[in-house]
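Several structures are given next for inspection.
Common to both upcoming complexes is subunit A, partnered first by subunit B, then by subunit C.
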Partner chain A sequence: MSPQAKGTLDEYRAPATLAEAAEALADGKGTVLAGGTDLMLQAEAGKTPYRGRLVNIRRVAGLRGVTEDGGTIRIGALTTVTDLLNDPLVAEKAPVLAATADKFASSQIRNAATVGGNICNASPAGDMILPLLALDARVELASWRDGALATRTVALDGFFTGPGATVKGPEELLGAVLFETPPAGRTARFVKSGPRPALEIATVAAAIAMTVDGGTLRDVRLALGAVAPTPLRAKRTEALLEGETLDGDLIARAAETVAGEVNPIDDVRATAWYRKHLVTIYVRRLLQDDGKG
Partner chain B sequence: MTAKVEIEFTLNGRPRRVTVPADMSTLTLLREELGLTGSKLACGEGECGACTILVDGVSQNACLMFAVDCAGRDLLTIEGLRTEDALHPMQRAFVDHGAIQCGFCMPGMIMQAKYLADTTPGLTREGMRRGLEGNVCRCTGYKKVFDAVADAAGIDG
Partner chain C sequence: MDPIAKKSVIGGRVPKPDAPDKAVGRTRYINDMVLPQMLYGRILHADRPHARIVAIDTAEAAKLPGVHVVLTGKDMPRMLFGVNRDNRPLKGDKVRCIRDEIAAVAAESEEICDAALALIKVTYEDLPAVFDPAEAMRPGAPAVHDEKPDNLSLAYRFDHGDVAAAEAESDVVLDDVFDVHYVTHCCMGTSCAIADFDTDGKLTIYSQTQYPYNFKMDLAPALGMHPGDIRVIQPPVGGAFGSKLDVYPYEPVCVLLARAARRPVKLTFSREEEFINAPTRQPARIHLRTGAKADGTLTFRDVDCLLNNGAYTSWGPTTPYVMMRTFSSHYRVPVVRFHSQAVYTNNPYAGSFRGYGNVQATYATASHMDMLAERLGMDLLTLSLKNAQESGEVSPQGSVLADCAFAECLTVAAEKSGFLEKQARYAAARNTPGRIKRGIGLASSIHNAGGAKIHKSDGCGTIVKLDDYARCTVITGASEIGQGIDAVLCQVMAEELGIPMSDVTIVNNDSAIGPWDVGVHASRTTFIAGNGARRAAQKARAQILKAASHQANMPPEGLDLREGWVVLDHSGEPVVKLDRLLRQMHFQKDSELVMVTDYYEPPSEEERPGHVGDMSAAYSHAVHVAEVEVDTETGEVRVLKVTSAQDVGRIINEMGLEAQVEGGIVMGLGYALSEHLLIQDGRVRNPNFRDYKVFTAPEVPEMDLHFIESHSQTGPMGAKGIAELPTIVIAPAVANAVYNAIGIRFKAPPLTPEKVARAIWDRDHGAVAAE
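Presenting the complex of A and B:
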């Protein structure tokens, strides 16, 4: 690895507040460090070259933890995957996030990996992104504008623009991910494939959120991982399901529709053909509620 | 020029002050700067767990942790586990159960097992197996490892 490919790190900052962190990123020459579980390897491989200044956000106060306020659940960017696994509010109000955390990497990685890092890394196979998409989440982006802290909110659907690419500027910091507390009766599930339960980058993963109202499907959200250049909301399949009665025929049509909606690649983990096949099975499983998720 | 950062932290109960390059891993700091070679470099990608250490009581892969992030933290490595005159009960259990072949994965296994035993009230055998998913042994099976951990963690059956 040539030093150029790795980029340079001629400065280091460990801000204690969000404002200080935003200021450290203001010139667009900062690389954010959260848990480091993606950054260390990607920087060494030249995939995410350092921009000049390492901005370690782990000491920023108030960025870790899950809270609920006025019907909105807020997950701080530094909340770890282990935190989601153990959080009582998550267990009660959004258990799909804990179910996803349970399928995520290993204990050691979960202890370091943050929710903000998973989103900002923008892998098409980023697991935590999928249930958050299904929950209609949005992200808060903080930056330093005209000598003050500025915040904008962006829907997670639309945040991703390609593998490793998002609408977030290099001067912006993801502070939190938010979503409305799911109402009673809303169900959400996550499924992920791989030859073993742990330490798998998903071959295909999927999350669904829906309300079944007297047999009729309402507000269906279907998010798919590792089948397109970005985590994908399967909107044609969602539209097909919306307002319909869940039966075998509908499930078969949903599986057919989703196959036409994905655009997977061949790689070391699977062929595009296999991924397309698998995604139809997962959609069936998510809709059948057969408990195999 | 890569920035050099002075950091202070606690390592195996003793205060340390070192200067590290901003891009160095904690594993490199431990092994190459501080001479603590108990934590092993195997995959270097967070897959195998041979470099597992405890940071403020929480297990981490030292190969993926930036050394600068050690600032202000309390690190425990395999070297700090035993007391002057006795092995830690988890180490003792690995010896007693013969849960070792080449031994390369053992420091990481033992640190992760200690983390599980310390932080999981009512740890079950299944919970132990899941908790050790990030620790790979390439010599042999895991049966004796599980027996050792179950013994030290007080898991029945």
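Presenting the complex of A and C:
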């Protein structure tokens, strides 16, 4: 890879506050460093060229950890995947995030990789995005406007615009991801393909959240990874399931619907045929409470 | 003093001497080395499969601050090297595959090298390319080498007996094509060399080579040097597995940069470069026909083998030399016809890789035995035992199977794994409900276990010396590339000289010091270097006991060496401390040092024309039984357990043996299930560990290892070479197990989830065109 394609770094900043970080990014010429597990590889490969200024946000106070306030769970952008695996609040209120963290890369990568980084990397195969989509999560974007810190909130569904692309501007910093605390009785599951139990990038991954109310499905959210240019909410399949009784016939119809809803590609990891094949299997398994894969 | 009892360290559990430093991160690998004044080198690769090089403009690169040298193929005479003398360090005229070396830079840092490479402008004129060997053989196909218009690289033929007559006598003939794939070694240490000239123009190269003595001979023509002016230093390496058994262009390029820069130059591959530019295992399309009588007696094998040579010729296209031994001697086969052709294409090229052709051949033979058993309605164990050779049998190519334990390996592996009972049970459950199916599969093979006389000599030199403190130094030609020879040599010295293993130092990292050896290949090192070291130790022992017999006034036969003492053999009563005796020998009037040499040549023979000859001093068998679980929806195959029975001759270091067998099985499981270097239109599509999937720790199955001791008459203390068989046998055992589970035969590994799922889908729904 030629050095030109990597971009150049002329300046390094290590802000201590969210406001300082937003100011450092204000001109849109900053590249954000958090865990670095995606950034360093992609910059080396020329896929994400450095923008000139490296803004290391790891010293920004208050961006790491999981809290609950007024029925909303907030996960700071710098919360690592390992944090999710070990967090008692996650274990109690949103265990699907810990289950996903358990399937995420390897211990070493989990220790460095952050939730915010996994979202901003916007990989169609980003593991952590799927359960967050299923939980109706939203993200907080901070920026520096008119000499002050400004924040906007964007739903995660709609945040992604293409492989590696989001609605977040280059001057914005993702500070946190938030979702309403799932009520009692709500179930969420995650399933991911791959022959290896560790260090596997998903051929296909899927997450579901739903409430089974006396045998009837309510508020179904189905998120799919690596089957479209962005992580995908399978809304036709969700609509099919909504208000219906969970039985073998419904599961078969859901599998059929989801196959028509995804638009996977052939690549070095799998053919489109296999991805579609797996999606139907995973939707069946998620609905049958058999997410073991 | 109390008497000292006789003790043996052979068969014990000995940690490798290099293990503690590696475990705590103290080992200084070649990749860690820095020499004073050292520059860094990097190579510009072509990144296109077939083209004329019209012009190379290096002016901008040469001007970059920090750049010392920029070289292109146009700067130097045509210096050809390689098995077919078809390769050059830097290509001046033509690109023949993506890894072709076009230019090279030496600079103050690797970053400056990269910046300089980006400034080199090459004008290419792309040429029509050919990637499939069958297409490359057709008239009018693009010629990869202008001087070889038919693209034919190497051909092998072995003919023994009348195939047509044998076929006429056969009740069953199986006819199948097995297509085995590209994989690469994935050494933890990427390719690296450091070249350093002295003022007289003599070269010292720090190298990862696993054959230092012939390496000089093979490197010299690429440099226009005399081999005698090359000194090879071998720092610790992060794996080799056959990948360092040849000279590859980066090595002469590194040397040429150092010569031009008049400074030491270190050249290291990035991981991506390693995936693209290091050798692969030889892929092969094997058309195998196997004949048998109704009672299971094998009647013939008829083999046509087509090899994708790639653009240049390293050892890969010579692997049929070993494949034909498998086809002719894996089981008793009275009639054999083997023809192979390696054909040039614009693909990257293969080198040697643990198993050397036998991995490929055994995938075919062991699959066919399983298929034959089903076809004949026999169980595989009975069929195998019926055709397994016994001690003293001679194969059609002249392999003398002395001390043969094939039948015992078959019986032990089958019994310990419950093979027959499980195979029947799993086959019966194949069509019952449930998405998870279990299967069990058995495979076997034969391999040379006493070296391979592919050169005039298959020997190894050893020098043993003892100092005034009874510390022993073994200077051996045998290289340590992680396989564990150092521990074995320590054991041999301890056994013969009655000294602790910790008092033995092994020196085997400098071609200016060590005596000649062929190199680490062919599962030969413990056998050849072990025999040589034992003979040298026995000479030292005789010298010591002779001196002691003068002192004790006893015949030397009545003395023994134990725990650092000369003792009376019958009683163990100490006579004199060994170090004291050695000082007396040294500082007496007729002073002498204990300092002996040996050159061991194994009792094997070179092949005569027609490929007949007893080329190894021993042969060995291994049998693996794999038990798997197949998810019939996703196609995922999980290996639950591997049972192995291998004829090891005699256990020397049980820990080293276990490590080699376990490591070999894991490497072979990757070959069977997950590893595939995807080369499409001449390009490597997955040059990273994300998409090239080696087996990782959580996937490793339970392993139940059984070592069969056949006590080789020729091996050191009865041992045979063991290192390649574990990798050779496991893949067909897994494929046979998957067949047992789901009734589908996979003739083209690896059995990836998608391949398995697709095959199940096609069977159940009828094959449909890919969407």
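Here is the rule we use: the second predicted complex is superposed on the first by the 291 of 293 C-alpha atoms of A that agree within 3 Å, B and C clash if a C-alpha of one lies under 4 Å from a C-alpha of the other, contacts with A are read in each partner's own complex, and residues count from 1 in each chain.
We adopt the following convention: a contact is a pair of C-beta atoms (placed from the backbone, for glycine too) under 8 Å apart; a residue touches a chain by one contact, two chains touch by 3 or more.
All values reported here derive from a predicted model rather than from experimental measurement.
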First (subunit B), second (subunit C), both or neither touched by A:K168: neither
Touching partner for A:K276 - first (subunit B), second (subunit C), both, neither: second
First (subunit B), second (subunit C), both or neither touched by A:L199: both
Touching partner for A:A43 - first (subunit B), second (subunit C), both, neither: first
First (subunit B), second (subunit C), both or neither touched by A:R221: neither
Touched partner set for A:R233, first subunit B, second subunit C, both or neither: neither
Which of subunit B and subunit C A:D10 touches, first, second, both or neither: first
Subunit C-contacting residues of subunit A that also contact subunit B: 197-199
Contacting residues of subunit A [partner subunit B, same complex]: 6, 8-12, 14, 33, 35-37, 40-41, 43, 50, 54, 56, 58-59, 82, 105-109, 111-112, 197-199
Sites on subunit C touched by subunit A in the complex: 111, 114-115, 117-118, 633-634, 636-637, 673-674, 678, 685-686, 689-691, 693, 696-699, 752-754, 757-758, 761, 770-771
Residues of subunit B defined as touching subunit A within the complex: 1-3, 5, 21-23, 25, 45-47, 49, 52, 58-61, 63-66, 68-69, 71-72, 112, 115-116, 130-135
For the subunit A and subunit C complex, residues of the former touching the latter: 1-4, 193-199, 201, 203, 268-274, 276-278, 281, 293
